[in-house]
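Going in written order, the chains are labelled A, B, C and D, and every chain counts its residues from 1.
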């Protein structure tokens, strides 16, 4: 679709104040519009909760807390079933007599894990109606929780990540001919192949009352087909640009924030990926330019160093 | 895709009566076109059924009935296998002698669950050709049903949900300058990030014979890039609007129904999501406006209260 | 995307002979271009095979053969492992002495299934290095094959199906004013919600040498937003139509075939779906029209009968 | 989407040197822009690594190394747990006395596999706190690793593959009227149904300093709806073509490389698929044409031979 759509009719002239959907009138100070991880400073409150949200939270949790939570839940479930077997009495589990040197709770816990995981050595086994029923319930529970864990782990792995790395700062740079531009760099953080990347950049001003206005910043190049290296996205500050003749102090007074949307297609997972970011007035570097982030090896291979994406240098001879 | 497509050529003038695919001539009264959950009042009858439909039904069932059904099926399968072992005779299962204080059916049922879940304590084990074959079949059945349950649970979790919350009513409101408009509010019900939302609104009139006609309602803004807060969708009732100069009684006489399509992109699951809804003439509030549904905390964070999405107030000074 | 794309610039005038990608010059008779299941009469031969193709074949196989194949493979694997245990000697499996009334192969087979499914009663267990190693290998094999079966079953269920039901025949019909048209009907075969359906129809003529030519057939309506009922797709045979003034004999002489592409969006699975079909000259009914395929129940619910999608009646008063 | 988008406004005139995102100024020789497998000659270096990248690497590894790695990890985990049981002492595992003819490590290893896979015969079972705890941990580990393996195997199978087979060489061919063209052939390598294929072709020249320039090569036909056979993609070398009047020596001097992007929709998996390739100046055959790659069987079925996609013949009568 990108092939043809890029050749579609030119974008309509932006309205004088275009709200991209994040609000215009607030009447008091708010935080930045978009955080560096692409999230918004908005909390959501509702009297209703959804199973779907729980899944989503488990899928988007980072790996450390997720594994801790998973282990915790597995342990808790087994402790609860162990308590059940203890309540029914260990003499309703045959084989426990031979394990009398082990504390009763641990005997029950070991039997619980053997049942839950379906190991079932049989050195301990139920020999009453009560323990037989409870063990049946636990074995089926174990089966379903293994199914849930499988789904969660797969869901976590297969979840698409745009993985666009943005330079830490944007630059107010200038070309050899003295014309100014706003630029920032992006690169693919992951090993996947991204193609058909396209960018849109908006400028947001906020007045003293917290009210916002928005303007489109046209780009030197709106899209690239391939994205193996880094891409420097450039807005030329022509006389028509809303940034024309504004100083750093002007931008600070207007609480300028550069809003960025990036879209592409992840060829490895066959998914569209989106990425958002913003640079505030205090994240702009003036009169600097980027240092090349890749080297060419002797065998002709390009080596892109993601850590150097952020490197800038002063523009000489200003 | 939304970037460029929104800048495509302007929509062609709507035909005088555009059928969006839900029928024009019925000849007798029907129900509303679209229900609040986005479904249509259409039943489907066919002499053929499909496995695919069964999967779909299991995926879209709500959690309560689904878990009850799953548990019921697991229990039934185990009861059936237990019946099989009973028919073959418990003396073909070694270890049952030591469990003679347990009713024969329960002995068979416990063995069945131990086999189906692959716990296999071994305190009961098959010792004849018949029970050996039946236990082999059951263990393989258990394996495949665990695989099925895994797929179903993952399918349920990973199924995309648009999760657009619509205000309970739409408003026939008016601006300070006295011009009328039709508006309603939407918000993202879930924690996922929705972007590139776009809306289309149609007006449906129905005559006394149940015959319908449709008209496009142009919107003040057709799309937003971001959707962290709520979005108020507005149709200005200009002299060109098919709603111009119509009263509540007029709309009731024509059984007016406002049909809504919303599309967006779920950035968390990398999926396009669609949502449908409608407001009937008796779900319009006249001369009211929406109360702001979010607060700004002292730390500058916006707090959106989904429960307040529906709140309206009278317009003063009419 | 469909919103805006439908409002894109009008399609360019079709070239006099547009090849949709299925070939023009063959030089000898071939079969119909598109079969009723959407497949083409093309075989593919290659000296290389791919694991991906095997997966695809297993995913698209119908349920009967798939389950038979799955059961067959599971049985075969267990027979092979059973043979291994027999070769190593049943005296290397403790517990077999008590089962001497069961034929040796069955003892080995039962042990194999107990190991493969990880039931592991333990009434039979390995007691030598050889059987210990073989049982370890089999248990791990069982684990991986269960993982494969889970993936296959989920892949089969979650595979998208367009599920568009086409009327058995297309009609050469005529309106009350005497103008002719070509029409056919489609409906959603499944319970999923399809939206944004769009159609494209091509006419293919084949000459005596098997050489084909193609022409676009413009449609009265190219797309619908909703698809809860059936949709009748109509090409008006205006003087510009390539079908103008052609008789049934003319179409037979040219081996006319109507090629159809349908696309839509499955809202239940968030997937684009495509469907292909064709009507040959001998699958056209002349001077007939469709009978309405749905009834309106007393409670206002529409009941669509998929079996009646194909029903036609003679046009009276010609 | 392809229907309408292909009818969008015509593509803008290409800029004199269009960078598709792979760089313009390098200042020293580099390798070809795109390899035959669609990859770029770019390495990525970063001080941070991601779990997501590990998953991606495991998903894209070829089957041989993947299965070896999987088996290796499973064996290693079991060896480690076996070491743990040995450290705790085999007398903490009841049942080992009867297996004293088996080396202690193997006893521990067999018990480990029986626990990890949840076979749990019970001929060996834990009888101390230490082995009980370790066996509980191992059983839960086994459960989670089975879940991971399921996800990985499904992820590998369901990963989309464009599977476009390109002819080994591109041809500088000529028509009967003497006009030259550049052409190459593609076919679907897999059994899946690809539709709505579209192509874009760029010409890249590189000067002695390693600096690149790019130009669009317009195509005779940019897209096909269906793709059951092969598709020959043709750029006519008109006087406007950047290839006009260039000889093989000219192309070699400019290190010409033909860059190709192909996109389509895989109807079997409901996914967009992309494919990239390139032909360097030394992969062009001059004054040759393709031999038809398919036969028509007597029953009218077309038989496409993928191995013959690459076959060319000299153009007679030049």
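The definition used in the following text is that a contact is a pair of C-beta atoms (placed from the backbone, for glycine too) under 8 Å apart; a residue touches a chain by one contact, two chains touch by 3 or more.
Labels paired with UniProt names: A, B, C, D = Ion transporter.
All values reported here derive from a predicted model rather than from experimental measurement.
Counted by residue number, the contact pairs of A-D are over half the same as those of A-B, the matching pair from B-D, A-B or A-C. Because subunit B and subunit C carry the same sequence, their contact can be compared by residue number, and under half of the numbers here are used by both. Averaging Cα coordinates per chain places subunit A and subunit C 36 Å apart. Taking each chain's centre as the average of its CA atoms, subunit C and subunit D sit 26 Å apart. The multi-chain contact residues of subunit A, meaning those touching 2 or more other chains, are 1, 5-6, 8-9, 114, 118-122, 142, 146, 150, 154.
Within the complex, the subunit B residues that touch subunit D are 1, 8-9, 118, 120-122, 150. Put simply, subunit D touches subunit C in their complex at residues 1, 3-9, 63, 70-71, 74, 78, 98-99, 101-103, 106, 109-110, 113-114, 117-123, 142, 146, 149-150, 153-154, 157-158, 161, 163, 188-193, 195, 197, 221, 224-229, 231, 265, 267-270, 294, 296, 299-307. In the complex of the two chains, the subunit D residues touching subunit A come out as 1-2, 5-6, 8-12, 19-23, 26-31, 38-48, 50-53, 55-57, 59-60, 94, 114-115, 118-122, 124-129, 132, 135-136, 139-140, 142-144, 146-148, 150-152, 154-155, 159-160, 198, 200, 210, 261, 263, 271-274, 276.
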